[in-house]
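Both complexes below contain chain A, partnered by chain B and then by chain C.
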Partner chain A sequence: MKEKATQINLPLNRAEGDLEVLLEVKDGRLEDAWSSGTMFRGFEDMMKGRGALDGLVVTPRICGICSLTHLTAAVEALDKLSGVRPPDNAYRLRNIALMVETVQSDVRHSILMFMVDMVNEMAYQHFNMFAEAKFRYSPMQGAMANEVIRETKRLLKIIAIIGGQWPHTSFMVPGGVTSIPDQTKILQCTMIIKKFISWYEKNILGCSLARWGEVANNDDLDNWLEESIEHRESEVGFMLRFLRMAGLDLIGSGPNRYLCFGNFPLPDKTDVTGINGKLLAAGYAEGTAVDEFSDDLISEDVSHSWYEQQDEPLHPFEGGTVPSAVSNENGRYSWVKAPRYDGKVVETGPLAEMIVNRNPLFVDLVERQGSSVLSRQLARLVRPALLLPNLMKWLEEVAQDPEAPFYEKVGAIPDGQSAGLVQAARGALGHWIKVVDERITHYQVITPTAWNGSPRDRQKNRGAWEEALIGTEIKNEENPIEAGHIVRSFDPCLVCAVHTVKK
Partner chain B sequence: MVTAYWLQGGGCGGDTFSFLSSESPNVLDLFDALDVSLLWHPSLSNGTAAEHDTLLDEILSKKRSLDILIFEGAAICGPDGSGRFDLKDGKPKISLIKDLAHVASYVVAVGTCASFGGFGAEKLIEAKGLQFTKKEKGGLLGKKFKSKSGLPVINLAGCPCHHDVISGAVSAIASGLSLELDEYQRPLEWFNTTVHQGCTRNEYHEYRVEESSFGEMGCLFFHMGCNGPLVPGPCNKVLWNQQSSKPRAGVPCFGCTDPEFPFQRPFFKTPNIEGVPISLPIGINRAHYLVYKTMAAAAAPEHLKKRTKKV
Partner chain C sequence: MICETRIICIGNGYIASDSAGSAVYQELQQMQLPPEIQLIDGGLAGLNLLPLLENIKRIIFVDNVSGYDEEGAVIVLDEQEVRTAFGNEQYGHDAGLPYVLNVAPRVCEGPPPDIIKLVGIEGTHNEDSIRAAAVLSLKLARGE
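Let's look at the complex of A and B:
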């Protein structure tokens, strides 16, 4: 970015090059950051002219770890376009599958992608917890890393039982689901979940889901940590202690504005309670003040992205995705667009979900000091504790009512436009579709990583994690691990590389 | 010890996540028992970028031997062949792919994007497979490419590739077994039967009891766009996640192991002439098939016609 600057290829782990963050360090602090998505795959272009249902097959292939979430967004848009309300059992199976995908992603990201950075020798070998971190998280060898691979693999069997395979099934269709699982198969799913819950309680929480549910503020959290050796040695306990020692409770504060699209539509008859027909409410929060969410306030700015320019930021029903030359002229530096809500930079993810849904623990943490690496990671690691009991209830309800329908017939998809808005593991995910004569004429996708990892907009406002990086102290420019932790706490759906400009 | 390096191009990472679900052998056993050393995997390794650069230097300068290069995702060649739609350190990723392919003993393309270009092959990103672009031989590395072992690229097709095919192929190579390949360089071990083989809806297919709306019990081939009898793959022989397959769950096979995947025609629909699919099962005579299926439908047992048979 600066003519005389030297670029040095500096480490952020698992660097393969789809995401490169250029850092500018001055006097040991991050002065500026540019986050660049370095790959263009053109999915929205591929969708044009395809059959109306093809989003169900093509869009899961956008992402291998949240493919079922794309399927959920695609089918929600088609349900709405068809004017159909799927039967209760269809909602239950869809929600069960989406929860399973979310839970595996939360646990895998926390252990395999985030905590593995605590094995960084240069940064942490002097910590007395380092040997234990190495024992737990070393790739392919760490005890917890291997357990996570084994346990999440077993958990994902549920999606295969319900939907045929994971990843990349298309068992959700407008009007419901394609499968009608036998009662014995539902029972099998119940056994898998029970086993997973007991593993999660023993290893991740170190206590029961119910005990964890009592932790309602920062003081509770401290008391919980002190309460027993099981709590301290659990993954949550170990993460809290390590991250606090590394000062990660104090860095990585984002825009302090949070977006959640809401998730898990409730069946008409269910014991699961929620807000406005969903288990998780949609909303937008400035700090911890929650406001209503409106799709109309979303726009995408491409002023710093490698796309054909537009006069103004456009709503995804209007905006296009036409690539232009890859050059850094005119300050353009990324294939990621800059989505904004009411013109503002927001963050999304498990923490945003907690804030918008008024979870007392996370409201307290954020009211004390805004968001941080620790609050984001903690929200991710404990989110399964909130989801799993509902998953069990929905399985029981399907088992009680196996003869009820799973699909309501839908004919040709009518002309029109529609949006499917859901929560992926990483945050708000939207699909916007237009159909004419049973063909797709327009398809736009905004992923959570676009919200969190966007480049600047025309007002020069940085994207959420660009902003979260600013001012961070970098102890060792050869190993800017702090920057890595911050970006990873947003769970980027890309592997990243960091370059540093020295000043 | 057998060394492996996993490289990703333009893809979704789905093959990596499929791989984590492999059972025979499972991922941890594969590395442990077979002594396969995964030098680098973009989502799993935790070496620093500097260590990664050193590793790449050592491999490319042949100071360190590379037994198996595993490539996931498409080689993105756009715009205009420049490869600049996918950059690593400001340079097109395709040059790194070529360099690594030329020093590896075996080159394995995992997934349909890596094998045949897959998503984006006919569109503006100019996606190519390592040695094919759809059915046309050539791809990124050229028709004549052979890795140091003398074999061309081994194509583990599928979107994603079935987990047990990935771990099975890696363990076969690591154990010195030779893999026989079909015309699209897919190992016959997993790609010499159709996806249809072992499908629990086969009785419905046999007697032509058709599904014409989701959630009915019946064969998905005649109306719902199932490619099971048309493409090779082990999905109903070696089950997904040790449990099931898409057709078993009422989802048509989309033909994802085919070099032409994703087909341009709409999914969930079988193009047909008067109720008979235009594409018929591999190697079949159309006239014979018509007679056979008409007779079979007439002979269908009642429990199938009433769709009381579970799938």
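Let's look at the complex of A and C:
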């Protein structure tokens, strides 16, 4: 006899107090899921009527963890609107700062927020790797947990140097950057990054960046894992072994459509190579088939969100953010909107970056068995291996040409509309702005978590992580750890705008 | 003059329920602070506040608090009281001061600060409570 479906709330409060995921379990499997953002932020309406440049100061306060990414999106929109191309050194410094924020976030999330779930006693105490997991990841006590905080803390000095201050720098302005670090400061940044790369190679990869770069498919990955004790005991090696043992390479497949806005514009003169003027190309992929990206195909559906309803999904240049939380009628259940690309549900984040940019390892993993918790989290933990060498090159290039300009003069911001589209650590981030008489008349922000954690759309299509949950076996309804792993592999981020001390 | 004390105001000036720290920061900016006291807008830095806990003798944090006193009250919590507040052990995107203070001794360089206190504003604030919190922060920063 089939069991009656039961509903459980996924206990995500440890990390995300303003995210609720309601799960429906039947016959031991997840039959349905509803993801709800429970906090209204309303930054978009706050921007209306402000000065054209105010996004540079206000939007970094949307998020404490990716504040530089918001700054980058805001300034890119204003660059385009002004018709200015910042000098090469400005692009280098902006890219370096954004890379530092991304690398810091990737390592912290992987160890402090994702691997910490491997010390869940009820689920994993019978694993022979459990004692080692506790040693590495236990909150406050874990050796690697504390080491990650210590090492990533040092990276902040780079942002302080490049940004001219910390916290809350607004050093990016239309036309370039406001701070010009001297040779000594650039050398200091170089030393910090070199030290971090050594630590990352030894502890996270267990090998050199170059050796990791040779891992081009699943067979290579297996061979790499068997090659040495350093590989197996590294964070990447431990994660691979633990997640495979837990079956996390087999669950959490998302919509199998991937979106990347592209990132890190290339200076005119640089040794860093990329695609279409960026280190990371923009693109949309169905499976591993990559297509060109078009901003025009983005729309926001609010049919299941607590906002004033629209006749149809609207492009962010047209859509509003007017709250309307009068009831849950017609199935509304979230403050998060449902962004769609060409009307489709997509996943964004490090794995999407890898697929869109044809990284051979991740293309192979996804072609073999689709996306999974493991492929999503592995992409995040090894992304710094791709970014750090380019960060070093840009530091060297700034040091070689310190007298070159860092700023191109920009006059008044003209009337018009523009978009700043970048990649945050968690995925595609967009700011859409309209300006009239040097005042903002319209501002829309779509965050990565809106893409990944959206509610249903008017066709009743679930959001990306809602979809990734469906069909997952839940071994213990008292401890639905499998669902937690799936949602966390997307690195949900909803609450970092508020940090009140509570008794 | 070597800076001996930091007043670090934290919170989000654009979110009403978390804006007291920002309001006190603006209030303190209008006052004459002695050179040995450094005023910092800590904003939403979370774990990235850690470097500010290094090489300093005294730290006075200012933030919204919840569940300690009557609405609008201005209170002082010592380091231990903050360390035992909600969310003190697990890291998340919303990791705040309790987590930062607990992890700091394990990861920060140099000797720990002699004194850490939090000036908290319960719930919503007004001009009077912000002024009171600013004056109190300054007194504590001076060691009074």
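Throughout what follows, the second predicted complex is superposed on the first by the 474 of 503 C-alpha atoms of A that agree within 3 Å, B and C clash if a C-alpha of one lies under 4 Å from a C-alpha of the other, contacts with A are read in each partner's own complex, and residues count from 1 in each chain.
In the analysis below, a residue touches a chain if its C-beta (ideal position, glycine included) is under 8 Å from a C-beta of that chain, and two chains touch if they have at least 3 such contacts.
Just so it is clear, the structure is predicted and the values come from calculations on it, not from any experiment.
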item	value
Residue contacts on chain A - larger count, chain B or chain C	B
Contacts of A:Y341 with chain B and chain C, given as first, second, both or neither	neither
First (chain B), second (chain C), both or neither touched by A:D54	first
Which superposed partner A:G164 touches (first chain B, second chain C, both, neither)	first
Partner chain in contact with A:F43 - chain B first, chain C second, else both or neither	both
Partner chain in contact with A:F196 - chain B first, chain C second, else both or neither	neither
First, second, both or neither for A:K153, with chain B first and chain C second	both
First (chain B), second (chain C), both or neither touched by A:F406	first
Which of chain B and chain C A:N479 touches, first, second, both or neither	first
Chain A residues contacted in one complex by chain B, in the other by chain C	14-18, 41, 43, 46, 58, 61, 63-65, 67, 112-113, 116, 139-140, 146, 149-150, 153, 156-157, 166-168, 495, 497-499
Chain C residues within the chain A interface of the complex	10-15, 17-18, 40-51, 63-68, 77, 82, 85-87, 89-98, 102-103, 106-107, 118, 120
Residues of chain A touching chain C in the complex	14-18, 41, 43, 46, 58, 61, 63-65, 67, 108, 112-113, 116, 139-140, 145-146, 149-150, 153, 156-157, 166-168, 492-503
In the complex with chain A, residue positions of chain B that touch it	7-8, 10-18, 20-21, 26-28, 31, 38, 41-53, 76, 78-79, 84-89, 93, 119-120, 123-125, 159-160, 213-215, 235, 239-251, 254, 256, 262, 264-269, 310
Complex contacts: residues of chain A adjacent to chain B	9-18, 20, 38-43, 45-46, 50-54, 56-58, 61-65, 67, 112-113, 116-117, 119-120, 122, 137-140, 146, 149-150, 152-153, 156-157, 159-171, 173, 175-180, 182, 323, 325-326, 405-407, 409, 438, 478-479, 495, 497-499
